[in-house]
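The following pair of complexes shares a single chain, chain A, combined with chain B in the former and chain C in the latter.
Let's look at the complex of A and B:
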């Protein structure tokens, strides 16, 4: 097993892909935290804790759930909205949950508006601008999610979570796999369950604009 | 599109039953058949639920492209056409794969080199195209005879690269190859290589799966990148390539993109181990002498080991099945007892020996050779001679016919 751990950055000018450092993806029914395989139950609890500790917990829904291109996508979008509303209900004063879409993967020139969207080619700009210290990618194609997760790990101290519909993401600090409506709802349940039991962090992301 | 799993057990237009691949490859009855390697490629494709095959017919190196044309005429392939050149073929393969098709093609030698620009593009675009490489010489004066030098050029394209020893490997790996390269965490092209002529033109007994069973169709919506479906979003999100911009972000994104391709190669390790029953096969690796080989050099090495046993020299064997992913830990473990590691190859540069030297501790143990190239055969006796020479044993000269 690899000694490498997938931890909040800023890690390096060009951090390695976690897979190249020996981090392996979870099998069905499992998740990973920091590159260590864990049960899904443990991952739900840890993800909910990270959300409730964060000053700016943020959901980044991607194209696969932003359009109702099939029935399941629409249901997932509704579940994500429920998770976001749950976060808003469960955080304490001073915490600011956000929902920022990744509508497509084209680089935004001459300049992205980081208040309204995130882009996989320069996700750090949105993280820095909004002082996001915990985020979850959902409905983003795996290749683009991995680019984003690695760039965020390289240049920010944001804690990253992936709710992946396929095999999961080593480049996130915490990753679920085989994401479904039920799993999103279960994460919302865990957030509600831990409401009031987690002390929020007093500071937000250390790098970039917040440095 | 219907869920692919829900199609298992149903029939395609040719009356073949979409079958769970593990069941088809491991549990279904097999029929021994006497075929050339090219015919075996055709038989594998008959069972592969392939949507598109694009050919630049490279007879006399391999008849496979023409034989697959017959499959198209019989209705087993969704579409089949000829490109203007190898470069055109590989570009057209990309277009078909971008559109969500399961794609197959064949190439060899100079054609592979001509099309080379496309292979890193395929990998970068995460297109799980399967390309058969029936290896032959590439340099002038041209040769249609077997020579594995072109594999050296494929190793760093970001493609998966496997090296089949026999026609049986070829049949099984064509079908299993799609299962590995279409995994969403992999989703990379596969260069499935064999030594031309020795595998493509000679006949061998191959155990075939039932012709009325076929692979489940490819599901393009399990892709890590958007499928170019022009009717449904998410669509066309890849225009304005960042490479056209000159700034730090463009460079950082491109760097991360490249890393992601090689991360996907790493992820293929788990799936390749499952489907190929390991990245290497080993025999007697407790011996002090171990031969590490790939392709038909493995077959020749087996015979050399038998000859050496007659003389009281015990030898182990490592058959390298996947070159990408590279079985680094497996080779290190399999050669840990070896005082001498021999690497016979059908090419002049010895690319496999270089890879092994970079992998094992004490690389002075690695003896790069024997080498043959340009279509020469590799008699087992020259492997025996190489080993006996290093061991200081008496050998007979095999070089000349004269005195």
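Let's look at the complex of A and C:
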């Protein structure tokens, strides 16, 4: 197994793809934390902890759930809204959960509005602007998620979680695979379960900013 | 073919940026007789761009996007040039090809779409500058026409390489001196509309983009003919106002001056016999549909 660990950055300008550093994807029923394969249960707990510790825990729903292109997509959107509402209920004063969409993958030059959306080609702008220190990608096509996760790891100190509907993401600090409505709801249950047991890092100097 | 496939998930509707909400609410996807008159009353498929102020290319983009008969099932293929700065802002599927490869990419794309979606009409439209179409990509352009690939090729002809500072292109007029071509063009403008006709294009038009109604007509005709019969080609004059020493507000006049009957962009059209027949059938159906709608409105 590789000694490399997928940790919050800023790693450097061009962080290596975690796969090229020997990180492998989890099998069904597993997840990974920092590149180490763990059981899915452990990943739920860790993801919930990271959300509850963060100053600005944020969900980034992508086109696969923002657009109701089939019935399951709409159901996932409902589950994501439930997770966001749960986060809002469970955080302490001073913490600010956010729900920011990634509607599509257009580079959108000359600018995007980082207050209302995230763009996979420069996700760091939204993370810096909102001082996001923990985020979860969900419903983002894998190739765009990989690109974004690497940029985030390269230029920010944000903790990244991927709720991937396929085989997971090496480039996230924590990755689930085979995302479903049930898994999103289960993560919300874990957040509720750990409510009040995790100390938020409200006074920590560590933020989403790269400096 | 309608807005049914473009719906935002109800539970996340409120967080979607307003641009996307507007696209769903008031864009003209699925509207049978969409056209340039929708500009200003419906959400456009291009709302902002990074072209120079007053650039005629931005007008051309707006007219073309308003006129595509089937935007939700259209894929546009672009190439390197000023157009590639605009495509990221366009709400129609698009692919950026390597410089000059656009017609080769479109050939494969059109064939793949026909196999993948045999029951659905999928249009492919290439939109590239004169450098990509006539110089660097001429091989791909011609070969696609020889093979009778069923897609439309649109060339934005600004008669030079604009976004790299004004180098000479094959479509530059003879004698023109550009910033990066100080000697002046030594040979004539390549007659690509004639070459397109001889290469097998069934519908060929050369014009300027000064009249939106003309652009609407030629875009619809070109797409319909490409869909049913074979390759079509449109050469649209979109002058680079910076490179020819004009001000922002002078682009339209430049086009009007250049489309006079004796000028190089006088309206020119070639239509093959099968295309003529098809367009006549479409016109008859349109007439019938409009008459029926008028009658229905009268009854109401």
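What we mean here is this: the second predicted complex is superposed on the first by the 202 of 211 C-alpha atoms of A that agree within 3 Å, B and C clash if a C-alpha of one lies under 4 Å from a C-alpha of the other, contacts with A are read in each partner's own complex, and residues count from 1 in each chain.
Note that in this section a residue touches a chain if its C-beta (ideal position, glycine included) is under 8 Å from a C-beta of that chain, and two chains touch if they have at least 3 such contacts.
For clarity, every value in this text was computed on a predicted model and none was experimentally measured.
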Chain B versus chain C as contact partner of A:166, first or second or both or neither: first
First (chain B), second (chain C), both or neither touched by A:19: first
First (chain B), second (chain C), both or neither touched by A:63: first
Chain B versus chain C as contact partner of A:116, first or second or both or neither: second
First (chain B), second (chain C), both or neither touched by A:100: second
Which superposed partner A:146 touches (first chain B, second chain C, both, neither): first
Dominant contact partner of chain A by residue count, chain C or chain B: B
Intersection of the chain A residues that touch chain B with those that touch chain C: 66-67, 69, 106-107, 109
Chain B-facing residues of chain A, complex: 14, 16-20, 24-25, 63-64, 66-67, 69, 104-107, 109, 120-122, 141-144, 146-147, 150-151, 154, 166-168, 170-171
Residue ranges of chain B in contact with chain A within the complex: 126, 183-185, 187, 222-226, 232-234, 237-240, 242, 245, 249-250, 252-253, 255-257, 259-260, 262-264, 266-267, 270
Parts of chain C lying in touch with chain A, wherever the complex brings them together: 5-12, 15-17, 20, 50, 85, 88-89
Partner chain C, residues of chain A touching it in the complex: 61, 65-69, 73-74, 76-78, 80-81, 99-101, 103, 106-110, 113, 116-117
